[in-house]
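See the structures that follow.
Each of the two complexes below includes subunit A, the first together with subunit B, the second together with subunit C.
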Partner chain A sequence: MPTITGIAYKNLRRKRVRSILTVFGIALSTWVLVSLFGFNEGYQSSLNKDIDNLGFQVLLTAKGCPYEAATLMLQGGKGLRYMPENTLDSLRANPEVEELTPMLMQTVFDVNKGEDGGVVGYLGIDPVTYPKMKTYLTFRQGGWFQDANALEAVLGYEAGELEQREVGDKILIPEKNVEVMVVGILNRSGTQDDGTIFMPFKTMQNIFGVQDQLTSIGIKLKKDTDIAAYEEKLYELEDVQVVSMAQVKNTISSLVSTARVMVMSIAIIAILIAMVGVMNTILMSVLERYQEIGIMKSLGAATAHIFRLIWLETAILCFIGGIIGSGLSIALSKATDALIRYVLPYSPTGSLIRIDAPLVLRSIGIIVLIGLVSGIYPAWRAARIKPIEAIRSSEGEL
Partner chain B sequence: MLKHLLLSLLLLLPLLLSAATGCDLNDPDNDVKRLFPASTGYTTLYASLQKSGGKTALANVEKALGDKFTGLYETIDVSYTIYKIYSRKTLIGYIHGVNQKGEYGGLQVFLALDTKGRILKLYYQKLSSKNAAKFKATSFTSQFTGLTRTDFATFDIKTGKGSGKVAAIKNPAPATDKDFLYTLRGVKKNLILMNTFIFKQ
Partner chain C sequence: MSQVLIQTHGLSKVYDRGSEQIVAVDKVDFELRAGDFVSFVGPSGSGKTTLLHLLGCLDTPSSGDLNVAGTPIFQNGKSLSERQLTGIRRDLFGYVFQKFYLIPTLTVKENILLPFAFHKRAENALDVLELAQRLGLSHRLTHLPKELSGGEMQRVAIARAMINQPKIILADEPTGNLDSKRSTEIADILADLNKSAGLTIILVTHNPQLAAKAGRIIELRDGRIV
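Showing the complex of A and B:
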């Protein structure tokens, strides 16, 4: 004896083209839905990773210095200000601090860069604390400096390639005419470190004549520290400016929020279209089988049986569409990633689309649920068909 | 707001850096006018060994150069920018630059060439050297004027030995300064690439 599920499946196969088109529409909606959820998770996670890769949550700079790299780019390296190195001691006394890393940014004007010269920047770091905070930095060649006063440099991936340096080569600091040995070339990290020339900050203090001066201090806070409250506390120090990585995150998030709203709108429209499509397909199916449903009822099928049959057909369509759509979203995730990167003003490194099993199951669940809601009306109308009226006429009016 | 923009710029920096693989003029409008005073305009075209014969082209270039290509700026897919220079509608020459390893950093060696591939001017867009002023002096760069790819054919850029016009070029810096040989390698590479992309002789 055939089951209700078997009958529902057979009914869908009878109108194969219409069923396939409906499944295709549902699949497209699922693709959009899964990709959207995947984007929400992937973008946030990649952005967090990028921020974490900065190694510290708070950057303390001398007042007036917005941020060393930005200063370099926008002011030609002429806006650097300093804070005394003993600021480190004040910060170490704070119980919220897990680790500190001092930095000294310096720039020189290279008359041999282009026709009119150009600025070259160097970042002085502490070879002990900086690598601990930037654990993602790995070496293509060599390693970090041998000691805090070494006349040595480590080049980010891009800097190494631009200057065509290898370990053992030298670089020349223009203006100062000081030769520095390259002891390490970093692997590509996808961060600002790729374009940086690192040197021990003590060495840079000596070369540039800025003893006991720093341009910034990176602060890694202990877990569960109230960052906002700590930032307020930092302003008690004189002539400093606090840059929180949370600000960076908020800025980037606001940059992409418009794009996210647009994608969400498209997803909602796609789901609505799919709902209408499902409802239309099932209604058409009920209409065509008006007489057949009447006969089924006259042979003893209960109203609940008919309702279940029609509802099951909807569920099967949505389930198959959901699986195909999820497969599509996984197969096309790289293309979707590329498309989103093209559209967005800023994309973090790493995958923007993160699709995992729970997300796929959740999306299929949502699609099936939406389908079931869409199927209530056709199923209800089918269940209310009167056998005598249905048998008398070949087609019904719904 | 400004601070937020600056911080965003900081995060975007890697993207900007990763795009810098070719060797373009920093200020093309002024550089073209300076290298070709008679020019009235220019167009740019982009070429790569990948598109000009692939591995065969790379092998031919390496053979002609007498050295292997190494590093990010010496790969088969590096895009080279060639500036075609015009005086009204007449093509009067080309400008093409290459990246070349130097003693203290990367060199950017640009050549202004006539339509037959002869060097009109040598221009260092980037040069890190204690003797930079000597290398950039007209007394040195003018020694390259009139030279062609053929003149470099008998010169070994690894040993600095050879015959002909190239061998006669005087090193402006002490013999210990390797930038002289690096410059010759850059010029030879530049001429060979231009022959591959444009002159095809």
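Showing the complex of A and C:
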């Protein structure tokens, strides 16, 4: 027994190339839509994760541009400024402070890195306090250095891969010609730490000749501390910059929002193009089947039946396109991730695109809904066909 | 006397072609009873197809009355709604056209059963296998229309028109696209359906051989019955 759904499906197979092209257009729109939604969810959570993983709520850096400080903290950077190490002592006197961790960042140019050389970042840390704040860091091999002055290094996962070193091997610090022993290699954490080479900050002060200097101090506050009030208090210190993690989130989010609006506009244009494509395909199909639809009406098909038939064709196209597009967006999420990373001013280390089942279902739902809206006009045109007009148009006789 | 199925009074259809008015059907009074087999004959442009469309509730008259199976379809310039007309067409009529109008993507069986895609199968609906056998289509049920001969396609169209056991079959030049052998075949099928199944048939044709199969031949000229 033929059904309206069956008739709709078979009709779409009649002009295969046209249907495939339309489905392709819808799939591309779905890809854009799913990726965009995935980006909206993924970016924010990766950013939050990056910042929460810092283990401290406030970062104190030597005075400078706050944006530069934020970038420095999250990505590493040049143009370093220093603050005296004894700042630690004055901070320790604050009752709000639960833990402090001093950091000293240094970069050197390594001619052997990549084809044309590259910058290698070293982070001097305190082997006692830093691991306590970064509890998520676990070791693939070895462990943290025990001595604050040891000529030892711990490699982040990617740094370990890049240097191709095992525990017990030595690495050479270019420019300084100092060799340090690798005592630990971290597991992958999905954070900035993966690419970092850690050393005791005292050792780094000696190697780089910046005795009693630090680039930043991470401050973990006691629970229920009024962070904003404490930040105000920190400004009483001279030549320091206070970077609040809440501020960092806002700053980065606002930097990215412009890019997000741009991506959204592209998505809307892609969807509009797909809508016009769907409308065109279905309308052409209706006009080509003018007589067929007229005959169906003479066989008892009501206006609602014809409307449903045409609408179903639209829904089938959009549903298939939606599924293919979702598959495409999942398969290409890594490439899309890389593309967005290339375009955006700052990207967190975690996955920028997070696609899950509810997101895919929501996107397919939106695409089908948009398709149904585009199908209204062709379906309405088809439903209005009168049997006599269809027959007369072919017989050409009074 | 058998039941009156169609009755018209002063039925007319006029087309406006700019300043010119073309009278296609001119004040036709006509009566059709259950079991009748009527042929409309006449030259091209005599209005026979237009009259058939009016009687089959496919077209609306410019003036006049039309009653089908006791239901006033057009009366005093008023017509039933499109929805009601759909019901009348579905329940009372089966249409057969010169160009067959089969759905190319559906098999023969699906084409015959097409009316049931849009409404529930009536209790008195015919069995598709029996009908196919009667029209010599049993071996073609799974084929697509493009795999059939012209005669077979028209037989499928007849089967589709009959599946719902309509009261009246309207056939517009059913042999117009067929060679003489296939035409005779279709003519014999229609005559047999009228004789053995008591089906009421109105036929429009140029073919005198086909027209001769009917019990009543009505000639039209300039939209009038002569």
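Criterion: the second predicted complex is superposed on the first by the 213 of 398 C-alpha atoms of A that agree within 3 Å, B and C clash if a C-alpha of one lies under 4 Å from a C-alpha of the other, contacts with A are read in each partner's own complex, and residues count from 1 in each chain.
We take it that a residue touches a chain if its C-beta (ideal position, glycine included) is under 8 Å from a C-beta of that chain, and two chains touch if they have at least 3 such contacts.
As the structure is a prediction and not an experimental result, all values here were calculated from the model.
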(Q) Under the stated touch criterion, which partner chain does A:Q247 make contact with: subunit B (first), subunit C (second), both, or neither? (A) first
Q: Identify the partner contact of A:I7: answer first if only subunit B is touched, second if only subunit C is, both if each is, neither if none is.
A: second
Q) Between subunit B (first) and subunit C (second), which does A:I171 come into contact with in this model arrangement: first, second, both, or neither? A) first
(Q) Output check: A:F319 vs subunit B and subunit C. Expected answer is one of first, second, both, neither. What do you get? (A) neither
Q. Taking the superposition as given, does A:I388 touch the first partner, subunit B, the second, subunit C, both, or neither?
A. second
Q | Partner chain in contact with A:L162 - subunit B first, subunit C second, else both or neither | A | first
(Q) I'd like to know which partner A:I295 touches here: subunit B for first, subunit C for second, both or neither. (A) second
Q. Touching A:D194 in the superposition: subunit B (first), subunit C (second), both, neither?
A. first
Q: Using the superposition described at the top, list the residues of subunit A that contact subunit B and also contact subunit C.
A: none
Q | subunit B residues within the subunit A interface of the complex | A | 2-14, 17-18, 20, 26-27, 30-31, 34, 71-73, 99-106, 124-130, 132, 136
Q. In the complex of these two chains, what residues of subunit A are touching subunit B?
A. 50, 66-67, 69-70, 73-74, 110-116, 118, 158, 161-165, 170-172, 174, 177, 179, 189-192, 194-195, 243, 247-248, 250-252, 255, 346, 348-349
Q: Could you pull out which subunit A residues touch subunit C in their complex?
A: 1-4, 6-7, 10-11, 13-14, 291-292, 295-303, 305, 387-388, 391, 394-395, 397-398
(Q) Can you tell me which positions in subunit C touch subunit A when the two form their complex? (A) 15, 22, 24, 44-45, 47, 49-50, 53, 58-59, 82-83, 86-87, 89-91, 93, 95, 97-99, 101, 103-106, 110, 113-119, 121, 160, 164, 172
